[in-house]
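Same chain, two partners: subunit A is paired with subunit B first, then with subunit C.
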Partner chain A sequence: MTTTATQLGQADGGPDGSAPDSQTPNELREQKWLAAVGQRVLGQWGGRIGLVWVVLLSVIAVFAPFLASSHPLLMTKDGVTTSPLLEHLSAADVVLLVAFFAALLLWVVGLLRPVNAAFGGGSRAWVWVGVTLGAIVVCPLVMSPPPLTVLSQYREAEAAGELERVVFTVLPFSATDRQAERPTRDKSFRPPSARHPMGTTLSGADVMSRMIHATRVALAVGVIATGLSLVIGIAVGGMMGYFSGVVDLLGMRLVEVFSAIPVLFLLIIIVATRDERNIYLMMTVIGLLSWVGYALYIRAEFLKLRQADYVQAARAVGVSVPGILFRHLLPNGVTPVLVLASFGVASAILYESTLSFLGLGLVDEPSWGGLLNEARKAGTHWGLVWFPGLAIFLTVFALNLVGDALREALDPRSVK
Partner chain B sequence: MTTYILRRLMLMVPTLLGVLAVVFFVMAAAPGGVGGSGLDLEGAQNQDEDAKRVQRQMQRRYGTDLPAYQQFFRWMNQVSPVGFRMSAQVRAGYGDADRAEAAAALSGLALAERDRDLGAAVDLALEFAAYRDQTPGEAAGELAGVLGSASSAVSALHWVDSTLSPGDRERLLAGLTQSYANGLRNGQLAAVRELSFEAAGASRVRFDRPAVKMPDLGETLKGRSVVDRLSEALPISILLNLLTIPLIYLVAIVTGVYAARRAGGAFDLSSGVVLITLWCLPTIWVGQLMLQYLASAQQPWGQLFPTGGLHSLRAEELPFLPRWGGEDGFEAGWLLDSLWHLALPVVCLTYGGFAVASRVMRGSVLDALSADYVRTARAKGVHPRVVLWSHVFRNSLLPLITMAASILPALFAGTVIVETIFSINGMGKLAVDAAFAKDRELMMAVTLLGGILGLISELIRDVCYAIADPRVSYD
Partner chain C sequence: MSDEQNKAAVDQSSPLLDVQGLSVSFGNSGDGDGGRLIASDRVSMSVYAGQTLAVVGESGSGKSVSAMSVLRLIPTPPGSYDAGRIVWRGGREAVERDLLTLSEKAMRGVRGREIAMIFQEPMTSLNPVYTIGEQITEAVLLHQDVTGAEAVKIAERALRDVGIAEPVGRLKEYPHQLSGGMRQRVMIAMALACEPELLLADEPTTALDVTIQAQILELLRKLQVSRGMAMMLITHDLGVVAENADTVAVMFAGRVVEFTDVHTLFERPLHPYTRGLLGSMPVLGQKVDRLGTVDDNATIPADFPSGYTVAEHDASAAGTGAYGGEGSLLHEVEPGHWVLCTAEGEGKPTPARLSGLRGAAVKTAV
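Let's turn to the complex of A and B:
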């Protein structure tokens, strides 16, 4: 590890003359530095364990339909082989898959030395963002998944011997599959068994399947809400720090207002007073309410940095305000906020599960907190309190470990 | 210091206003508004009679027909001890036939011109009397002159608002006739004012006459006074916090100091692992586990703790202290019974807090241990225990004080969850219930109280900071 933290803090400090190939010195240094931080995070046990769990969850989230679905992977009926699972993939499923495989591909490409030299890490990230955004726009337009089907039809057909060949996913139940084909339609929990490894909910849905599909909700809320609050926090905090004076005074009042409102309380009010709940509302609200920490941090950084020599120099040379903000201040002030963001994802996930636990979650969509809520009902079984609880706990724990490891990695004092 | 506190108190006002405004407008933007009623299944405004009646009631009580910002000012004015008296304008919404009858009934009204409708006339008359700085005698004279006689007043009022429920109209008429009979003495002037406000089909607010008045938190949707609800819930939450906060600090200080004293030792490492685990444990899960394993009669070890509430059903009959004797041998007594009920909720509220506080304490003790004055004290042969407790300890308390301000809001969030899980009727559960019922006045009151408590705790933190550290000065 040759890069020291003091160098890290000044990516715009000037060329150091050692830049090979076509890369600009800044780009190279940033890359080296990112790699160094990554290595330092991975060098710690906590960071390693945390990252493994987060990656595992992400993979589960991306491949949820392939892990647990009532639609068979392959089905041969009357000599015709079809794949109901692929036919029923939603636009969101495909977007996730595209994003995942694009990331995988770009990562593999990055490992190849010649490509890497011509095609830097930054541009690869932009390619990924472009591909993902393209998928988000295109998929809902192009795709028209068949309307809601009776999920038990495949099982019934199999039992009746109508299918010549059928291959189910590992767990042959969708998250919303209530298994209505059972002869006893009584509403009751079924404890964990071979058929349902984690039991069922009161309405007969498979808990494990719901757990798998709930990773999506948890991660989506965590990441997008945090992203939103990062953007707001950086914008407000950056303006306060750079312009100071009246802007700072007004901004601080705003910050005070939002830090004086208990987030959970306001969340409950907003979600409870809306008749229609969806995941976007939840993300937006959590994002809108948790930017205060980032804003304060960025403000402090910018207040410090705006006095720095290179910023003064940039101003003297006549760099525009956006130029100073985005090219000089932001890259140097933003990294420590990533530590906060990692804790922010954890707390957003906690907020989501708490809301669901209180009965304010998504309707019919699987959620860990919603499953824990089931555990409050009479006649519940042990699986419903242990599995979702453990999932929330482990995820929060992993994200905190990653955050801690990041903080250590970014802390100049800990560099050996 | 006094100047500093005063300045901080004044800065609190805009912050508090901002908090209230955010919460208010969030609620005002909700579909269905206060109570969320009056919407049919498609979400459209329901038009049947019941819905209309409820809607009118809401309009009268909360002014829901006004634009949101006027509603907010109305609420602010109602809560503020210094503000404007609210007057009402009777809504002018009468049919032609009504108007003709009204004109006939009110022909004696001196102030009403012929083309004015009845509503405006009565409103004018009532306000004229009630809202001028006149002596009660003068006001009585004016009103009597305007309305002519008591009988015409009653018949006029009959048309004031045909939307009033029979009970309200009864009260209105009774109040007004009585006020006539008594010649509008001072007390009745207030009655007329209130009645004229009630008489308004909708609460068009006009902010008249600045005045010092009693703050009024309003009524809940079910018609109970908000203050009543708060005074039931607040002591319970205060009790929970009074048990939780010292417990958090006690555990945090003890574990933090011992972990730091042998940094890197077995206790330090094991407590570190345990504490970070505790910190990440979600309260909803821990509470649920406790309910299922410690408070359920279905476990092989039986029910160790009650499932919820603060007292047993027969807690009222119990003596305060435990005693032997009585029917079942040992009687737990009121105190033990309460502690028994409080044990699980308090544990749930505590563990997250002391996990953080203990790490903070450990860090600051470690910092203090490496300070020069500690080395000096050691070098001159001060007993290690004295060094630890009188040199290091006092100096490492600062971060814990800073933490108090972040613990309090966290505790509020904690009580929301814990009180819901253990069905304790404190502020947290009140807030959740109010949100579910879309009870605006109740939610605003909880926000107001929470906001004030939060801001004041921040101020107390800063003051404590200055007291604990002589280097900190705000002057």
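Let's turn to the complex of A and C:
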């Protein structure tokens, strides 16, 4: 065996190392499978529209501070040029940017070889997860954005002519920038205008800016809550399906208990009885309560697949139980769950919007549901209903379209 | 390398795999004493290094269960190993290894690395979501200390060895892109990538059409000789047995009824079931109205006809009374020829290496 290894090593180092040989097995799989599914999803108009909307929202969410901020991008004052926007980026902003550009570099540019060379193998997905997790840990430690500043200071400085040069973002208002220049109680909101394309809220904050920043809350709740329930659902369902017997029996009782809990009402109770509003608590509760569907699907798939010949073959080759569960069963059984998950994201977004609409959302943080709640109050303009309402509708609709397209794409009967 | 050969030569005396009185049963799902089905009853057979043991029998006679038990692949909640030992590499290692009592972790080291298995159904034995390359490299990476790129090289060579043209391109293909014969070749490549000492082939050609069958068997034979590998070939095709086996174990209703070398089996079958089985084969150039049939529909030991007498199936001198039932054991009725019957003395569980066989002859020629 040792002789073959050295021979191989030499052959590898040789000049004739043709390109396809040097690809790792993971790379081979990812390209083919993802490409095939992606093509089939994009082949349907519903999938195309849905994906375009979701990708657009994600880009808006990542670049929200660069789209709408009261901090100027560039500012020259007394001969010193600074970028207040960059200085005021929060750790969350940077994490999102890191994750976005890591994905861009890995998938679009194809920067895997150097990374692989440095860290010794691994698929792109794992590299991305590693980078993102690293950013989540490092950014809050390293970064110390200045505490809250008076957001109107830049506008006032510009008006007073103190700045030699100033470049604002496209929409020069932060989500929490209240322009109560005329704090008359009756008319503190403004309808859409050139300065505020979607008008302002009752407290004078720019609606468009709030809409942009609210995409973050919506997507974060959707993705993180669904991710959590996926992890729980796959773990519980996988064990039920693979081990069956007593494990299955206990798991099913757990499923019954959890499917009896009305998610929205429990959410309202938990959120309403706590003093501080916490988005992560919301995500956790949604995630903890909506894994039942995933678990049932995975269980059914695993029960069917564990008898499969290739699972026997994998055992005969000496693959361990976790290897069989995650490498052989999961990829074959996860497809119906993926479909369910895209509907899950939509429903998590709806939960958050509902809570915010009921006035139980985050205080002061932008949210589509919160804007709708504000629209309920007397005397506001039409935009407050239409813009967030449409955003929620389109997003949920788009995610359902994606889910439908995924179901079509993964259904072997529909594949020609 | 020469050391290894010398060592192997020394070790020819003891079997590579020795199944001794293996009993496997299956329970009705968890309702206590609802009667267990005995799938394999006091099965004894042995495989010597470099030789092929063919296990013949009709469906449900316990052939596959016995082979699966060697790798301990029977799921144990419904199934259970009730008795017996499976001695692996006996006499070659300081501590004798009984595959039935080995830890699960140690067993994983044996599976694929020391004993590999190929299955009946190539269409479904490959994972549909992985490429051929990934599935072979997975097996390689599990058992050999190599990098991913080296594993790909090994996989490539394994594919070339089983006669697949353009292995580099094939590595990136999915199972559904290959034909049945190709897939069985891939399965063989996967099984042999780690150079096991014993290959369990569970009806490797049943699902393939006849011309492909011949190719696959030829390939297995070639690979076996070139690697000096032992093989346990499970089949119900007596033609396959005649062409490929050194020794044969005939199974019926969960029991081994006859165990001998391939020439003796076809020339002097002693057990009535074996006689019936051979009698049911058409002979070229001979006209008959009806082929002979084996009437005994027993598939589980409980149904084994206890009064299985010689008279029913053209008696021979060797038998002494009953050829079945609880009390019968494998007895060496003539040198190198074991038959299930009631005779005096203890049944002998481990037949000695049978000499003058095809595999051995070929090996010395090489």
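Going forward, the second predicted complex is superposed on the first by the 358 of 416 C-alpha atoms of A that agree within 3 Å, B and C clash if a C-alpha of one lies under 4 Å from a C-alpha of the other, contacts with A are read in each partner's own complex, and residues count from 1 in each chain.
Simple rule for what comes next: contacts are C-beta pairs under 8 Å (C-beta built on N, C-alpha and C of every residue); 3 or more make two chains touch, one makes a residue touch a chain.
As the structure is a prediction and not an experimental result, all values here were calculated from the model.
Peer 1: Check whether A:Val319 is in contact with subunit B, with subunit C, with both or with neither, and answer first, second, both or neither.
Peer 2: Second partner only, subunit C.
Peer 1: Once the structures are superposed on A, label A:Gly389 by its partner contacts, choosing first (subunit B), second (subunit C), both or neither.
Peer 2: Only subunit B is touched by A:Gly389; subunit C is not.
Peer 1: In the superposed arrangement, which partner chain does A:Thr354 touch: subunit B (first), subunit C (second), both, or neither?
Peer 2: In the superposition, A:Thr354 touches subunit B alone.
Peer 1: Give one of first, second, both or neither to describe whether A:Val98 is in contact with subunit B, with subunit C, with both, or with none.
Peer 2: neither
Peer 1: Of the partners subunit B and subunit C, which touch A:Ile234 in the superposed model: first, second, both, neither?
Peer 2: neither
Peer 1: Is A:Val292 in contact with subunit B, with subunit C, with both, or with neither (first, second, both, neither)?
Peer 2: neither
Peer 1: Name, in rising order, each residue of subunit B that touches subunit A in their complex.
Peer 2: 14-16, 18-19, 22-23, 26-27, 30-32, 36, 39, 43, 276-277, 279-285, 288-289, 291-292, 409, 412-413, 416-417, 420-421, 431-432, 435-436, 438, 443, 446-447, 450-451, 454-455
Peer 1: How about subunit C: which of its residues touch subunit A in the complex?
Peer 2: 30, 71, 73, 77, 108-113, 116-117, 119, 121, 124-131, 133-134, 137-139, 142-154, 156, 168-169, 171-172, 174, 187, 190-191
Peer 1: What residues on subunit A touch subunit B, complex-wise?
Peer 2: Going through subunit A, the ones touching subunit B are 253-254, 256-258, 260-266, 268-270, 272-275, 346, 350, 353-354, 357-358, 369, 372, 375-376, 380, 382, 385, 388-390, 392-393, 396-397, 400.
Peer 1: Can you check the complex and tell me which residues of subunit A touch subunit C?
Peer 2: It comes out as residues 1, 4-5, 8-9, 11-12, 18, 20-26, 28-29, 32-33, 121, 244-245, 308-310, 312-320, 327-328, 331-332.
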